[in-house]
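Labels for the chains are A, B and C, by order of writing; each one numbers its residues from 1.
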Amino acid sequence: MINNKTAGMSAAERKAFYLSRLYMILPIISVSLLILLWTTVARNSEFPSPKDTFDRLILLFQKPIKGLNIFGHVWASLVRVFAALTFNWTFGIAFGILIGWNKKCKVLFTPLFNAFRAIPPLAWIPLITIWMGTGELSKILIVIFGSLASIVVNTQAGMSNVEQLYLDVGTIFNANARQKLFQIAIPSALDAIFAGVRTSTSAAWMVVLAAEMLGAKSGVGFLITRGMDSIDMPLVLMSMIAIGIVGALLSIITQFAERLMCPWTRKRSD
Amino acid sequence: MNPKSLSNSERVALIQKQRKRTQYQDAVLSVVGILGFLIFWQVITVTGIVESRYLSTPVQIASLFITKLTSPNPDGAVIGVNILSSLTIALSGFGLAIVIGIPLGLVMGWYKGFDSFMRPLFEIIRPIPPVSWIPLTIVWLGIGLTAKAIIVFFAAFVPCLINSYTGIRQTSEVLKNVAKTCGASNFTIFWKIGIPSSMTLTFAGIKVAIGNAWATLVAAEMLAASSGLGYMILMGRQFGRVDLVILGIVVIGVIGTIITMLIGMLENKVLGWKKL
Amino acid sequence: MDEKKIRLKLENISQSFVVNNEVQDAVSDVSLEVYDNEFLVLLGPGHCGKSVLLNIIGGLEKPVSGNLYLDGEKLSGSDTRISMVFQRLALMPWKTVMGNVEFGPQIAGIDKATRRKNAQKYIDLVGLTGFEKSYPNQLSGGMKQRVGIARAYATNPEILLMDEPFGQLDAQTRYAMEEEIQRIWQQEKRTIIFVTNNIEEAVYLGDRIILLSECPATVKQIYDVNLPRPRNTIDPEFLRIRKEVSENTDLAL
């Protein structure tokens, strides 16, 4: 059957054909190897096997931890992320526009902002816990600290790199400064702003886990620490996989939102 | 002032003077921004608007720093030891990530077969945040140096790989074709054209990686360590010493900035041709 | 009957820039007059002075010395009576074709219904009916410039400036666009000031050609092209004018 397909091909084409077939098979091989590695390691040590991990997932449905099954915990984490991001996007975008557009503001605020940015978000946790205890608000604040930088930096970059040409078009049509800001500069910076949205979302997801790992009663990060404390390895592994899946989903959703909001960034195949 | 009445050299002088004036104004504004913040900070603590158990004054922090240079209280080590401990782990994990991540990314970006094989593995590892590897590594390897270095490695590995991968993939086709017409082998093109082309993005990846590494290290130290800056902060919190906590934060930030500046200088040396 | 009305007058315009601590002259004492509804071509070599002159007329730059008069009134800065088609494609990528064309009226505060109708008229004029909802990155180079032309027309300007609008197009498209702009201009007559470095294009399109010298730009010569339209590029008279202009042109390396 393959011979029929390759019948009319030159030597180079045939080689390319077989190579492309090979490239399709390789991923399957590597993933299978990974699963094989996983099961082998599990059999020879205390590392949980795929089956163990899956069983643990089912168990969590039957015996929820702190009253929540896996979806409950994921939701708890996501709620914190959304709360933090809502603040970040409103404040961060506004601030980014300010320091990106107005040179004097940029010079005034940037050194200070960079100083704060240099501090890893997790380092704030003890300080925030001293201020506000370990409640919901303190966790949300931690996530805010951890993901604010990306949106501000991206928005600022977008605003300072507005093409002079577009502003010139505005001048020709007699646009005033306010019109130039809202009708030219901000729309042209939208794709940079969305890059910031994407980065801050993934940053927020990472930080919320750390915040939960250091003191919480719900959320996926909490699940991991629970597993670690009770040497419940399947729980740890299962939580990690859940974290990975949700993280990937968030990234897909934000990319989809970007394409929806900025249809002109779709590249045309020329 | 009607520019027409100025001679050419007067015009140049005027522009130069204006430029100097803007530079001076900008510098002043920056300093005002920072000073204003510090003064604000000092004032709200000293006057008691914010209670002293929530915030120490900048002056107190500075004096604590001097004290900690020689005093091991209350966390068990002089500040120099903590800094060294954190730096060692950060740099070893980071160094490992560069040595493995960058070549891997470059090869994956260039050789399609390798890419097809490694890609799915990488895509599976990628969404899992480095922080979540911590419990697993701790259960496996305890809370020693190796465990923390591995966590840092994971955090720094991903951006190094992604950036060198993307960097080499956007090598200009034109340049590759030029090399091919000169009779270069695939490996030669990879070495002499692909790799240099990817350097900008690779360096960007290194900067992200070090940021990640430093941040994850702090997290790891807070979860399980007996020394290091993250641990020091944790101890500060446990003993209710807000000044120690803030000192730790400041030192972490400063060191992070210094490292980024150093890498920036290295980048300028390697990629200096770009500015021309 | 032949008493031509002067619309735009440039009087002793000079422009220079401070670059790297040196003063570089771009335009040196240029004076010229632009008549009502004529297709005026500014022809000059290389990258010196022509676009700067246009920028000054459009209000994007202030000249070091000299004055501009529109219908006798002194100009300073941009004016809604003067519109521009840019050299590099300056369509806003986040707006559709309709969004781009109605941009000028939108800035001027005209209500949506009126400006839509107005924009549609010009979109039809340039031959892009049906593409109102397309984004610039879905259009070819020639189509993008047509949107630029429609946009410049949409504010109903007295004077249209065109800054080497076909410079970035390939040869075929360029010929097509030269015919297009001529058709559009004859259908909707305006005063046009067209900048180019292509001699054939200048002779094909212009009622008058103002030949500029190389850097710093001065007026070298003014040619009247009295050929009937549409012009034939291999007509002997066309070729004679072209040769005359070409021999007088400074070369810029």
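List of remarks:
Heads up, the rule we're going with is that contacts are C-beta pairs under 8 Å (C-beta built on N, C-alpha and C of every residue); 3 or more make two chains touch, one makes a residue touch a chain.
Quick caveat, the model's predicted, so the values are computed rather than measured.
With chains as nodes and touching pairs as edges, the resulting graph is complete, every pair of chains being joined.
Compared on C-beta pairs in contact, A-B and A-C come out with A-B as the pair having more.
Annotation: 50 Å between the Cα-based centres of chain B and chain C.
The distance from the centre of chain A to the centre of chain B, each centre being the mean of the chain's C-alpha atoms, comes to 19 Å. Averaging C-alpha coordinates per chain places the centre of chain A 48 Å away from that of chain C.
The set of chain C residues that touch two or more partner chains is empty. Chain B contributes residues 2-4, 8, 11-12, 15-16 to its touches with chain C in the complex. The touching residues of chain C, when paired with chain A in their complex, are 58-60, 78-80, 82-84, 86, 88, 90, 92-95, 103-104, 106-108, 135-138, 155.
In the complex of the two chains, the chain C residues touching chain B come out as 14, 18, 21-23, 64-65.
Chain B makes touch with chain A in their complex at residues 26, 29-30, 32-34, 37, 53-54, 112-113, 116-121, 124, 127-136, 138-139, 211, 214-216, 218-219, 222-223, 230, 233-234, 236-237, 240, 242, 245-246, 248-249, 252-254, 256-257, 260. Those residues of chain A lying in contact with chain C across their complex are 165-166, 168-175, 179, 183-184, 187-188, 190, 262-264, 266-268.
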